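Presented below is the structure to which this report refers.
Chain naming follows the written order as A, B, C, D, E and F, and within any one chain the residues start at number 1.
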Amino acid sequence: MQLSARNQLNGKIKNVELGAVMANIKIEISEPNTITAVITKESAEKLGLSEGDDVTAIIKSTEVIIGK
Amino acid sequence: MQLSARNQLNGKIKNVELGAVMANIKIEISEPNTITAVITKESAEKLGLSEGDDVTAIIKSTEVIIGK
Amino acid sequence: MQLSARNQLNGKIKNVELGAVMANIKIEISEPNTITAVITKESAEKLGLSEGDDVTAIIKSTEVIIGK
Amino acid sequence: MQLSARNQLNGKIKNVELGAVMANIKIEISEPNTITAVITKESAEKLGLSEGDDVTAIIKSTEVIIGK
Amino acid sequence: MQLSARNQLNGKIKNVELGAVMANIKIEISEPNTITAVITKESAEKLGLSEGDDVTAIIKSTEVIIGK
Amino acid sequence: MQLSARNQLNGKIKNVELGAVMANIKIEISEPNTITAVITKESAEKLGLSEGDDVTAIIKSTEVIIGK
């Protein structure tokens, strides 16, 4: 399946922190950039996310703010 | 001003495409990654965005989807 | 690739309307529900979206508001 | 009050899971589709959300990603 | 209908600018604050938005970034 | 740094509530308006957010829904 989301950054999970409902996932995409993703704990468990996993951070272009 | 948004990726604008209301901005953050940002034309003009500008792509962590 | 996004609704494209930068896509997911998606024109063209295509509307759970 | 949000799917709450700050709400909209909404615990309590409630899942069209 | 969205700011439309697919709406909520909302042209037309209308700007709390 | 986000509302923090992963922050922007922001606990701690702080609530215009 191809996605309309323009931003798809490949990386590796560095940390998974689970709360009651949400989870905070750190993904190293390339030195020196790390992506933080907050998803449901439910999703983190269904995808079996853990340190070292190769994943893709997917971001719709309307969600990006530019700073200059 | 510091931002609560966890994801702040530095890059350089590669292309600016203006529509009537929106604008599509391409930002090269690091080989091989390019970020597409869709912002208002109004913002693109107020910030004077043009090719070659050093900018930051800012993304709140709740906006990131993970694919595995 | 599995996605962390909890909401994935299968449907068929009923209409594609292209602007200069954005595109408005209508997806029939099940009677009587239609999903409207606004994506970049760039994405609509790269995915070759047209009437009759079988597609999936993907929505992260943090983007849903509840009315009661 | 009418809303600009194009996507308003009627359904019934199947499950409410409360965390410290957030809540995960499952809404059955039509077989076989279920919507997951993550809202604040504060909102879940102010609206008194509980299993069996008739609710509407509201999603702005810019938040929808298309997969094909 | 009550909404889970915590932020509901009452104001008056100051300007409506229509593009091919999107519309940029300016809402004065209180001096000196103005809210800019980008919605579909389709929604702007269905709600018949025009200058002077009393409207509410609705923002889910997960969409707010804090600067300090 | 200037931001493309059109909505930047100045206010003062009235309450900070921390969960395991997320935090709920109340910001008084002007009588009678209060903004609720849900950000990561990580961000709340890195910015050292506490009651009485002068902050800015930043909201991209594509995230605003209009009710009429």
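Note that a residue touches a chain if its C-beta (ideal position, glycine included) is under 8 Å from a C-beta of that chain, and two chains touch if they have at least 3 such contacts.
Everything numeric here is computed off the predicted structure, so don't read it as measured data.
Asker: Give the chains in contact with both subunit C and subunit D, ordered by label.
Answerer: Neighbours common to subunit C and subunit D are A, E.
Asker: Count the smallest number of chain-to-chain hops linking subunit C with subunit F, moving only between touching chains.
Answerer: Steps on the shortest route: 2.
Asker: Taking CA centroids for every chain, report which one is farthest away from subunit B.
Answerer: Here the answer is chain D, farthest from subunit B.
Asker: Select the interface copy of C-D from among D-F, A-B or B-C: the correct pair shares over half of its contact pairs, counted by residue number.
Answerer: A-B
Asker: Count the residue numbers both subunit E and subunit F use at their shared interface, divide by all numbers used there, and answer same if that is over half, different if under half.
Answerer: same
Asker: By mean C-alpha coordinates, which chain is most distant from subunit A?
Answerer: The chain lying farthest from subunit A is E.
Asker: Taking each chain's centre as the mean of its CA atoms, how far is subunit A from subunit C in angstrom?
Answerer: From the centre of subunit A to the centre of subunit C is 21 Å.
Asker: If you average the Cα atoms of subunit A and of subunit F to get two centres, how far apart are those centres in Å?
Answerer: Spacing between the chain centres: roughly 22 Å.
Asker: What is the distance, in whole Å, between the centres of subunit B and subunit D, each centre taken as the mean of its C-alpha atoms?
Answerer: Subunit B and subunit D have C-alpha centres separated by 29 Å.
Asker: Give the residues of subunit D that touch two or more other chains, as numbers and ranges in rising order.
Answerer: Those would be 1-6, 19-22, 24, 36-40, 42-43, 47, 56, 58, 60-63, 65-68.
Asker: So how do the chains connect up here, line, ring, star, complete, or something else (other)?
Answerer: It is other, because the touches fit no line, ring, star or complete pattern.
Asker: Which of the chains touch, listed as pairs?
Answerer: Chain pairs that touch: A-B, A-C, A-D, A-F, B-C, B-E, B-F, C-D, C-E, D-E, D-F, E-F.
Asker: Mind pulling up the subunit D residues that touch subunit F in the complex?
Answerer: 1-5, 19-22, 40, 42, 58, 60, 62
Asker: Taking the complex as given, what residues does subunit F use to touch subunit E?
Answerer: 5-9, 24-25, 27, 29-30, 33, 35-39, 43, 47-49, 53-68
Asker: In the complex, go through subunit F and note every residue touching subunit D.
Answerer: Interface residues on subunit F, with respect to subunit D: 17-24, 36, 38, 62-63, 65-68.
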